[in-house]
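What follows is a group of structures, each given as structure tokens.
One chain, chain A, links the two complexes that follow: it is found with chain B in the first and with chain C in the second.
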Partner chain A sequence: MSAQDEKNKAAASSPIVIVFFVVGLAVSLLVGWSIFPKLLYSQKKQPIDFSHSIHLDAAGDCESCHYFREDGSFSGIPELSNCVECHEEAQGEDPEEIKLIENYIEPNKEIPWLVYSRQPDCVFFSHAAHVNMGELECKTCHGMIGESDHVEIYEENRITGYSRNIWGKSIGGFKSNTWDRMKMDDCAECHDEHGTRQACFVCHK
Partner chain B sequence: MKEEHKEGAHGHVEKYKYGMVIDLDKCTGCGACMVACMTENNVPFRKDESDKLVSTAWMRVFKATNGKSYPDIDVCYFPRPCMHCEGDHGHSPCVSVCPAVATDYDFETGIVSQIPTRCFGCRYCMAACPYHARYFNWWDPVWPDKMEKALSPDVSPRMRGVVEKCTFCFHRFQRARDKAYVEGRREIREDEYQTACTQACPADAITFGDLNNHEHEVYKLKKSPYAFRLLERLGTNPKVYYMSTRSWVRREGDNYLKGEKSK
Partner chain C sequence: MSLGRRGFLQFCLGAGAGITFSPLPWKLMDDSCIWSQTFRGLPIEVPVPPVGEVNIEKSVCTLCPGGCGISVRKVKNRAVKIEGTEGHPINDGGICILGVAGLYQLYGGARVKSPLKRAGNRGEGKWEEISWSAAISEISKKLSQIRRNGSAHTVACISGKDRGTVPQLFKRLLTAYGSPNFISMPSSEDTERLGLKLMQGEDASVGYDLENARYILSFGSGLIDGWGSPVRVFRANSAWREEAVKGLAKVVQIEPRLSNTAAKADQWVPIAPGTEAALALGLAHVIVKERRYNKDFVMNHCFGFEDWTDNSGKVHKGLKRMVLKDYSPDVVSGITGISASKIVAIAREFTRAKRPLAVCGRGKGSTPEGLQEFMAIYALNALVGNINKTGGVRALPEVRTTAWPAVARDAIAKRGMSQPRFDRAGTKAFPVTESLFNQMHTGKGAYALSALLIDGANPYYTAHDKTAVAEALDSIPFIVSFSSHMDETAQHADFILPSHTNLERYEDVPTPAGLNVPIIGLSRPVVDPEYDTKHVGDIVIALGKSTDGIADSFSWDDYESLLKETMGGKWDTLVREGYWKDESYSPAAWSSGFKTPSGRFEFFATGLYKAGIRSNNDNDYLPRYEPVVLEGTSDSYPLVLIPIETTRLADGAVANSPYLTKTVADTVLRNNDIFVEVNPKTAAAYGLSEGTVAMLKTPTGEAKVRAHLYEGVRPGVVAIPTGLGHSAYDDYLSGKGVNANDVIGTVEDPVSGLDIAWGSRASLVSI
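Here is the complex of A and B:
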């Protein structure tokens, strides 16, 4: 063994190297698990802090706002005309309601809602298939939004422009509820369980 | 759940088998089908569309003549969508060569899909397709001012570097199925799913429907002694049938040797 090798061996086992390794690992993990996601996603606020729980009492059920049209399409987020039915005049003193009336109802401007579950343009999704035929609950895919008191912050992927709800809040891609993420694999996983066909032209357009 | 399904030739459930019959004696070559197709499917076009080697048309009308001179000359126009080949042995030429599974054969509808976001532009499928039904996007689409607002939301526009082709207006099938589901039905009626070219044809030359369904018009038409398919002997088993009472037109459908008997 040469003198050089002896020196390398001594350095490799010295505690300094272990410290560097541990610190390096900790820094990488920190960057990967908490700084990177913060950089990757920009945060946007919904135009109005809409409360589902208040409205569920007032409107009765989901269908009064989210319903199917006769041609089979799903209405999605209701239009302003739906809000006007009850909010022509202020119902209470909530500043959010004042905002609704002053910024949108009086100038007759549609509210630019951000859709958490919005899929990429190439994806075809059908509520009729899942809600009418599959008899699935809204909660299975959307979680607790229907019962919430406040809207959540909308997070947008800076690179793809997609909503964070597609990849899910967990940067590692872990999932504990069915609604935690909605990537292609998540659609396919449930379709597998139900024996729905798997061709590309089921979910794509 | 779906008890009315039949077992198809390849052990898959075969529910529908969508196809077309085009009556060449009715086609006047007006090109309305091409225009309807382009608007329906957000097909990109360029300022100068005269170079047909680089222009895109999911539906293209070709012209054929009997090669004779006046007064014996006769002309025929062949509208050519994607043939949605099933293949005699279950192999569509394009599907079997795609290294990315960007195109697949749907045994439940008989439609050959194309998923442009998955495609990386190797163009094997274009080389494999005997009908030149596939087109490559050499450029990103550029829509003239404000036309972007008129694009169909049902069809996702494609980008530079990917292949695209006719889908038998599959989005119309999706819409028709949604309507059926909301009405509590599973079956789709013949008139609920029709392609844009079929509806645009002023001469009623194109008929579209389920080739397996005895009640559909296409089922009856494809049995006509005048019906034939393009390059049938390659074994591509296409789902687009042509029809003509003129024997020279039927002879155009394949590469027959001199003196060889044709349909």
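Here is the complex of A and C:
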């Protein structure tokens, strides 16, 4: 063994060199867990800071605004005409209320809501099948949104264009509530539990 | 402490390990997959229907003359799906492939989005957008000028159809203006109406009671390949199939090629192309010889069966003598290639069957058959006495609607209308025919045209012999197209005044060809117009109002009020149900007579003599087999080319949708190459194998094709699919294969003058 080799061996086993490994590990974990999610999602504000809790108190339940049509299809996000039923004129002086009247109701322009739960176009999802037939509660998928006082920032995945609420609230993909993720695995998990068919065409028509 | 090479490598190793345990690579990979599912902006973009409340609008499909009821599913103002209307008397919930893909006509890429005026040379594709008022004013100025110069009769109109209010409006425009030259594009319905007029004395369509017929003898009619009102015939065919299993129905398909219809029939009779009339007369021979005809009908209600003597004492030949002498099974077998025993067997079965029915019109019926051929096939129906009977044939009158005020004709109009038609229809040459598009390009027109209006027709694509058609149309100095799409004909126009598509407009739909009951359908706008287009009826009214001297004939505010007024008491039912059916209709009893000169059903068409055909040969008035002489010699063109018509490829003025093109096998179209069907025996003789690239030559033109070996086509015959080979529209439609009409010439029927070319002589040389 040459002198040079001796030196190399000493250096390789030196605790100082291990530090570089640990630093690299730490930096990449920081990037992966903390910086990457911030870069991946752009933050968008909803057009109006809508309070679900006020409306829920006034209307009674979710279905007052998010109702099923006569043909069984689900209305989804209310259209401006639903808002006009109560907000034809400003109710109070809240700046958000003024915004609603001036920007949307008076010019009769639909409000461009950003939909947290919008699924990809390739997914066929029927509210009628889940809510009416499967008797799922709204919060099973949508969480406690009905109790919120403010709308949360809409985070859009810069690559896919979909909402962070579908997948990524927890960047590790961990979930503690059923409404934390709305990805295919989550649909499949529930379908599996309830013995619903798992065939592709159940959701992908 | 310095980093050093070793330290750097350790850092990278640590970073690599850390990244693996972070979500970054996994999430990026997943997101990339999702991103790839939602590509946008590529040439093929998946249309995503809007989200919202769904509503259904009922209308009638006008993509073919079938008249099916359609229910259009809409989300807001966007139509997202077309379905057949349940309970509709024609299609009862069914829909054909063209109809279901009909949204392409509305949202497809080849729409003309505003009025256009030609900016470059004809066909160069350079256009200038102009306003509607400027376009109407320029065109009416031109028309007024022609009228003032005393050439009103040199203005013509080509229309895709001749029944319904829109064609009537064009006729009215021409009549008030002073031109007799309204031309409707030909189809087998033309021949059938002529034949019916002569044999039954009625101006009517032939109604086939398919639903109740139980022995269907089809002379090449593509019963499940788009003939008649396609969905209605599919349904009738399903019923026959159910009955056939029980031995209660039979379909016999007489056709040179094993089409879908032939394949699904109970018996396929592979006849030599173009000899159907001979077979019909051969069957008549057996029926007459064996005295199997309906004696009551033939003896008491027919004329011209037996020989007859006219007022001058001259004895004329009747059908009986003619068929017994000229069409024995042996003779017919020589012509048709069908064995004499088979001819006898079919004739016997036909007469023994409960409710037999002979059907004619080759393929989809887009090319007229010869008048005497129609008479020969129709005579079979008369021989078995199924005229005006359940499961038989009948003369179907037009549904009565409110008549329009008489056309105001000034001196110029009267002078113009007294001119003969330029296509010689209705003149001594062709006294019984109403219009003859083919005379335009066979160079036999009586005089040159100075202006042409074209609506609902695409002659550059649909007419035989493209070069001749192009030459004829290009020689007309002023052409206005009303096409909604940039089709081949619109490309060569001087002005395009784009009309609404079928889903954007009102229109009445008269009884479809072949239907057994008089009905009128209402096509309704189901969406707001996509572009700056107008209803063609409104354009004609506007032209009428602004052209000098004819405004008095166009007092309506708009087409919608005209239509409402025309439909009168039927309007409410039309709006509610989408159709109005004549419930009180039943075919006339034999005892009430026929409206022919003899008052009987005529085998010997005395009407022809009356109309001015001064032939001394009795054969000219009787059903007859007269071989269609195709252009070219058998030395240079040893093969016979026939078209293949299917529902999968629309081949009329309404172009195929690319969605349909995707459904054909790669033995029809592969990439941009069209395949022609050749019998393996023929292929061997010409050194062709599957997929060989060959030059198809006919006296009319030539095209590069590939060979598809198919035992379902007779030896010596080449079959080419129709509906391909567009040169206009968008990238999805143009340049795909070859237009069959480019390689098929015209053949004139000696009596009607209609182009009856069912094919062409051809050669196929491997290259």
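Here is the rule we use: the second predicted complex is superposed on the first by the 200 of 205 C-alpha atoms of A that agree within 3 Å, B and C clash if a C-alpha of one lies under 4 Å from a C-alpha of the other, contacts with A are read in each partner's own complex, and residues count from 1 in each chain.
Operating definition for what follows: a contact is a pair of C-beta atoms (placed from the backbone, for glycine too) under 8 Å apart; a residue touches a chain by one contact, two chains touch by 3 or more.
Everything numeric here is computed off the predicted structure, so don't read it as measured data.
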{"item": "Chain B versus chain C as contact partner of A:121, first or second or both or neither", "value": "both"}
{"item": "Touching partner for A:178 - first (chain B), second (chain C), both, neither", "value": "neither"}
{"item": "Touching partner for A:160 - first (chain B), second (chain C), both, neither", "value": "second"}
{"item": "Which superposed partner A:73 touches (first chain B, second chain C, both, neither)", "value": "both"}
{"item": "First, second, both or neither for A:24, with chain B first and chain C second", "value": "second"}
{"item": "If touched residues of chain A are counted for chain B and for chain C, the larger one", "value": "C"}
{"item": "Touched partner set for A:82, first chain B, second chain C, both or neither", "value": "neither"}
{"item": "Which of chain B and chain C A:51 touches, first, second, both or neither", "value": "neither"}
{"item": "Touching both chain C and chain B, counted on chain A across the two superposed complexes", "value": "71, 73, 120-122"}
{"item": "Residue numbers on chain B that touch chain A, as the complex places them", "value": "1, 13, 101, 103-109, 111, 113, 115-118, 154-157, 167, 170-171, 174-184, 186"}
{"item": "Chain A - residues contacting chain B, complex", "value": "68, 70-73, 120-122, 124, 126, 128-129, 132-133, 195, 197, 199-202, 204-205"}
{"item": "Footprint of chain A on chain C - complex, ascending", "value": "1, 3, 6-8, 10-19, 21-24, 27-28, 30-32, 34-35, 37-38, 46, 48, 51-54"}
{"item": "List of chain A residues in touch with chain C within their complex", "value": "11-12, 16-29, 31-33, 36-37, 40, 69, 71, 73, 75-76, 79, 120-122, 157, 159-162, 167-168, 171-173"}
